[in-house]
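Each of the next two complexes has subunit A plus one more chain, namely subunit B in the first and subunit C in the second.
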Partner chain A sequence: MAALRREGRRFAPLISPRSITAVRSSPIAPTHEDEGPIGVRYISTQVVRNRMKSVKNIQKITKAMKMVAASKLRAVQSKTENSRGLWQPFTALLGDLPSVDVKKSVVVTISSDKGLCGGINSTSVKISKGIHKLNSGPEKETKYVVLGEKAKAQLIRDSKKDIELIITELQKNALNYTQVSVLADEILKNVEFDALRIVFNKFHSVVSFVPTVSTVLSPEIVEREAESGGKLGDLDNYEVEGGETKGEILQNLAEFQFSCVMFNAVLENACSEQGARMSAMDSSSRNAGDMLDRLTLTYNRTRQASITTELIEIISGASALEG
Partner chain B sequence: MLRQASRLLAGGPILATRARSFSTDTTFTEAWTKVIPNIDPPKTPLSFIHPRPPTPSSIPSKLTVNFVLPYASELATKEVDMVIVPATTGQMGVLPGHVATIAELKPGVLSVHEGNEVTKYFVSSGFVFIHANSFADIIAVEAVPLDQLDANHVQKGLADFTSKLSSATTDLEKAEAQIGIDVHSALNSALTG
Partner chain C sequence: MASNAAVPFWRAAGMTYITYSNICANLVRNCLKEPHKTEALTREKVHFSISKWTDGKPEKPTVRSDSPEE
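What follows is the complex of A and B.
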């Protein structure tokens, strides 16, 4: 310990700005320009030690974040799996027509509020922009409804005029159907649409999230497609009970479908977010561990080299005195 | 469009037993790859749906029921003899071979008959789709088995909402109070009848 303190004082005047940049740029290959004419140009062990301390703290933080994400994932995953049966009947009845030709399509992009979750938000935004491009043309327009801060930040930069509605802080309270249906109601009231395309990341497993787009058509388009035959042609075979007109029931059906599909989409996206955060934090802790190993080697090399130098000086001094 | 139709006609059985299968939308993926070649096209729900059997030529003996709620799948492809659903037009019995129907549900009792057992649930509202292949999809927002309902609570709720209706001023308040009354009187009749 005393030796280290002494060496710290020794090297203080010798630390030039250049040696500090050597620490930053390549801790792997320590500068072996040791014996120079001016003196030994070592990285101070103090600097390396500080860096090691901060990297170790970062590793602890990322490990903790991974554990938190894992526990949150467990909680949301069971809810998501239970909600998967909800959208199947609608798709079994009405199919899914993402290539339907409509005048007004609205892209609902679902993303997270918090960051550090890997690339899922960027994927969602890229897909949304792709759909926008696919559906724009003469007489066709596409608008955005954004859920979540991350997509808002990315979309506001170049598509600000196309954004109709921005909703954030969705996960402040636990996700439940009532909240999502109120949200769906807001969207349906304020936004005119012929087709709603919901873009989200579907959760397959902890390491795999698939970007998915679900299309919900407005009742007028459903009628149009049913009449023109093709995929929805079977719909006319269904008797519609109750209500005064078929249109009324189809309207309720479209709204119910939207809220159910949104509920599932929001849950799947939340699951994907936690899973992505887990793997991002895991790779970050592993990276920090690697960095720590390299810094430890540098530290030990520096320490040993300075001890060797001291010994050499002492011995050469002693031998100069003797002989 | 034409390619899909020819594929269905060539591959599927004759028109009487037409398969209600939606093939994945290739026009979408093709259009995507043309406009945005660098990114993979997103998947659609059609790739994740559980396949349904086509309409059989004779009426099957059992009805297959899917009863789903937002937070659980109560019954998933369960084979039963009959279900009675509380549609807006009244209690509707569904047997195998029922004509394809879309019906909206009102608050009421749903009963599932399997052999000699009858399971009853109180559903808040939702939809029921009856397909031609004797599959019934019941989607409800909330459903509870009848033994979990408390009669006193129901009476109190009914009284509350009746008083709210009489003191309601705006249309919205009147509508909300009316909905409360409808649900509670349905609960009442479910418990007594």
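What follows is the complex of A and C.
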């Protein structure tokens, strides 16, 4: 882009050849330069041709990446839509209370391992940091669990001491429930929490990814909230079969809820990643096309200028011979 | 949250409900006949690399994987 600006500056003299001094004093020393008889500078066509070739190759690559992202999106999208049915009953039963007041909250940030996917990872990290700020104060603390290389790079920079776990290489095989549940198990075993806030990008459509936070409470907090009434207070209306107590069941449900919500979150984030990559590659192909148009104009101008100069030389040489 | 009833055997052994349901699911998948069995078992592959951080310092990452290391 900067080189194109340099070429633009060099082209000013073609339009007004009197500004030679201004151009000559420019500090940028270009290669392959010709100076015509009246001191007009223009760039060699070779350089422009090389540039056009490389821009065209980049355009092909980004178009191919867009196709690949589109096909991956199709594959993950059906899984994601099916997984939404896993956590909806939990939310109907236990509710999703982001405003719950807890002492120890853990923010699980989900991001991608690969780049070139637009701004979705930055928005996830921004929201995680916002939640961290909201939840810090006396007696309250927030820790991070990071999934994915991109969020890891951003959070390491300024929140090093608040990180508990970092998990990467999640997408080596296709995403399945077993993998995510093993992951959820590791988190449950290694991190103590009162509330888990999972930050991910929810996939609404190919062009819209909304960062969302899902809250999963630990069983003790669910008990506490149940006693204080509200939605969870209705839990006492349920009859418990079998030999288990209500506390038992709440613990099982909380663990399973976490696993289901994580599964859905990881899938939605994967969908959003592919969709964001599609639109990023699409805009980059379009930019490459614009750049190619501008370079073609430059090339033609240069070519015509050199032809004109040659003609002028020939004709003036011929008229000098005659007269 | 002390429960007077006996905890289920798996919780007494230190497993969470998630581990318990995964083992049950594995048992059910192994009951399938070919070719559905191999197809279902591909849905069980686990691979990720986890690293625990203490005080802003990472420990060596461990890779939990069912696939053989290359």
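Everything below uses one rule, namely that the second predicted complex is superposed on the first by the 280 of 323 C-alpha atoms of A that agree within 3 Å, B and C clash if a C-alpha of one lies under 4 Å from a C-alpha of the other, contacts with A are read in each partner's own complex, and residues count from 1 in each chain.
One rule holds in what follows: a residue touches a chain if its C-beta (ideal position, glycine included) is under 8 Å from a C-beta of that chain, and two chains touch if they have at least 3 such contacts.
These numbers come from a predicted model, not from an experiment.
Novice: Will subunit C clash with subunit B on subunit A after the two structures are superposed, or do they fit?
Specialist: Result for subunit B and subunit C: fit.
Novice: Tell me the contact category for A:N237 with respect to subunit B and subunit C: first, second, both or neither.
Specialist: In the superposition, A:N237 contacts subunit B only.
Novice: Have a look at where A:S319 lands relative to subunit B and subunit C in the superposition and call it first, second, both or neither.
Specialist: neither
Novice: Once the structures are superposed on A, label A:E169 by its partner contacts, choosing first (subunit B), second (subunit C), both or neither.
Specialist: In the superposition, A:E169 contacts subunit C only.
Novice: A:L183 contacts which: subunit B (first), subunit C (second), both, neither?
Specialist: After superposition on chain A, A:L183 lies in contact with subunit C alone.
Novice: Who contacts more of subunit A, subunit B or subunit C?
Specialist: B
Novice: Please work out whether A:N252 is in contact with subunit B alone, subunit C alone, both, or neither, and reply first, second, both or neither.
Specialist: So A:N252 meets both subunit B and subunit C here.
Novice: Just subunit B (first), just subunit C (second), both, or neither: which does A:S205 touch?
Specialist: neither
Novice: For A:P219, decide between first (touching subunit B), second (touching subunit C), both and neither.
Specialist: In the superposition, A:P219 touches subunit C alone.
Novice: Between subunit B and subunit C, once the two complexes are placed on the common chain, what is the minimum CA to CA distance in Å?
Specialist: Nearest C-alpha atoms of the two chains are 5 Å apart.
Novice: Go through subunit A and flag every residue that touches subunit B in one model and subunit C in the other.
Specialist: 176-177, 181, 243, 252, 256
Novice: Please output the residues of subunit B touching subunit A within their complex, sorted ascending.
Specialist: Residues 1, 4-5, 18, 20, 22, 25, 27-28, 31-32, 35-36, 39, 42-46, 48-50, 52, 66, 68-73, 76, 87-89, 92, 99-104, 126-127, 129, 131-132, 135, 137, 139, 141 of subunit B touch subunit A in their complex.
Novice: Contact residues on subunit C for subunit A in the complex?
Specialist: That would be residues 1, 3-8, 16-19, 21-22, 25, 43-53, 55-56, 58, 61, 63-64, 67 of subunit C.
Novice: Using the touch definition up top, name the residues of subunit A that touch subunit C in the complex.
Specialist: On the subunit A side, the touching residues are 160-161, 163-170, 172-174, 176-179, 181-186, 188-190, 219-220, 223, 243-245, 247-248, 251-252, 255-256, 258-259.
Novice: For subunit A, which residues are in contact with subunit B within the complex?
Specialist: Against subunit B, the touching part of subunit A is residues 79, 82-93, 95-99, 126-127, 130, 133-134, 176-177, 181, 199, 202, 210-215, 230-231, 234, 237-243, 249, 252-253, 256, 260, 263.
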